[in-house]
Amino acid sequence: MANTVIGSTIVIDGEITGDEDLVVQGTVKGRVSLRENIFVEESGVLEANVETATITIHGRVTGDVHASERAELKSNCRVVGDIRAPRVLIADGASFKGSVDMDA
Amino acid sequence: MARMPTASGGPIAGSTIIGPEIRVLGRVTGEEDLHVQGRIDGAIVLTETLFVAPGGVVSAEVDALNVVVSGVIVGNVTARDCVTLHAGAKLVGDITAPRLVIADGAAFKGNVHMGGEPDNAVAARSAARARPAPAAAPRRQLAPERAPAPPRRATPARAEPARPEPARAEPARPAPARAAPRTPRAEAVSHADDEATVIVRHSEVAAGEDAGSRAAEDAAPVPEQTRFRGVSATRVPSRPQQEPEATSKGKLPARARIPKPGKRRVNRR
Amino acid sequence: MPLAPARTPSSPPSSGSASGFGSAPGSGFGPRGSTSTQGGGCVIGPRITVRGALSGEEDLVVEGRIEGRITLIGHLVIAPGGVVEADVEASSVEVRGQVRGDISAARSITIERGAQVAGNVRAPRVMIHDGAHFQGAVDMDVALPDGLGRSR
């Protein structure tokens, strides 16, 4: 299990930076900047611009995502924003509105 | 320590962990326990318990049910139940909580507001009654009101922690009610509770404000004087804030007045 | 807490003594500087009131009342029921009764369960136990990590 967990009743309004995996079950608004992996679980809400190595989204993300390795949109996720990552996986049932840029 | 506060939130939510390599800048609110091993700068408002682990750093205004510190907090801390500083904890800021435990090996600098008057039996009782009031109030409401307050209160106290003298001179403005309340205080014990609390409040005012001018007014015997030295030492910090109450009433920190609204309410009934 | 049974003989002059109440009487009880409350030191009995400045170089237990000022080289215990309305300086202080006034100790201040303290306390080590009532400021040396310093 990852070290950092934002629980489902937690709301963070601001900025998260760091160097370890982040599991979002609650709400994060603002900006997230990590060098590791982000997991947005079903209850999780990210209203933020995100920079990370990888991101796996089961929940909702509103904002631009820049993943240096991989962005994965799982079924039932809802993503609004632009995605920039060398590998982008969008599962059947995922809801996505925005552009994908895999050049970076 | 007596009892370790734990989550009462139930299974809805686990607890939240801010890992050692994570830094959060901004406001964190929630209804579950929060464990900080990394760093949070900004503000924290929780209905449950904040744990600051060894190595964890919180530079924020904190409002929670309990606050258990083994790491570092810089900022004012308000807990509805208990603040516990374990060995190794460092806290710089004011603490407002009905219960406070400081273990050996903890370091703390700041003011403590536990509510209630430690003066005598009457005070102890009124304090006990005053405490439930803030706790019963809606948590969410309390938090924002309190947040902006602490720095103001903190400054005067810290500026002159051990010297009541100079500060005492300032508030030596006429307070008509001063001489009278002293006597009723003694009677308070035999009175009904409700009356007693009112009287305690009056005498507080008298004690704090008049220490300076009393000297000139009534040639009180030595012991009377010295008694006030102790009182004013604690009262002085809050005095300057209380005076302008009329002008900036709405903004006055709820936390600063926790015991008093309770008493006033009693008074009205 | 353990109280010296021989408190009556060591009681200091009662209420009247206004000031200049020098070194505490009843000396020669135990080695000075002993931090234990048993086995020595002076006891202000429960029916004694001291008004004025009290200074001394041995342990002191206050079961009665002191108004004024206490300057002690030794361990000061304010027993349950004891009332101190004074600024206090001592090597170490243990409060189980009531104190109104500032306390400063060279070593440590302990505020026990049931104690009531209104005043500012200053010592390298300050302990407050659950069930104690404290109102005032605490001043200990807090060495904060870099970048956290506040001009407090």
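Chains: A, B and C, in written order; residue numbering restarts at 1 for each.
Basically, a contact is a pair of C-beta atoms (placed from the backbone, for glycine too) under 8 Å apart; a residue touches a chain by one contact, two chains touch by 3 or more.
None of the values given here were measured: they were computed from a predicted structure.
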### Task
Count the C-beta pairs in contact for every pair of chains, then give the pair with the highest total.
B-C
#### Entry: Geometric centre: closest chain by C-alpha means
B
### Summary
Separation of the C-alpha centres, chain A versus chain C, in whole Å, is 59
### Task
Starting from the mean Cα coordinates of chain B and chain C, work out the distance between those two points in Å.
24
### Message
Averaging over Cα atoms per chain, report the distance between chain A and chain B in Å.
### Response
41
### Task
Spell out the part of chain B that touches chain A in their complex, as residue ranges.
9, 12-32, 34, 37-38, 42
### Query
Where on chain B does chain C make contact in their complex?
1-2, 57, 59, 72, 74, 82, 90-92, 99-105, 107-114, 116-119, 124, 127, 154, 157-158, 161-162, 164, 222-223, 226-227, 229-231, 233-234, 237
### Message
Considering only the defined contacts, which chain C positions touch chain B in the complex?
### Response
18-19, 51-52, 67-69, 85-87, 98-102, 104, 108, 116-120, 122, 125-145, 148, 150, 152
### Message
Please output the residues of chain A touching chain B within their complex, sorted ascending.
### Response
2-22, 25-26, 30
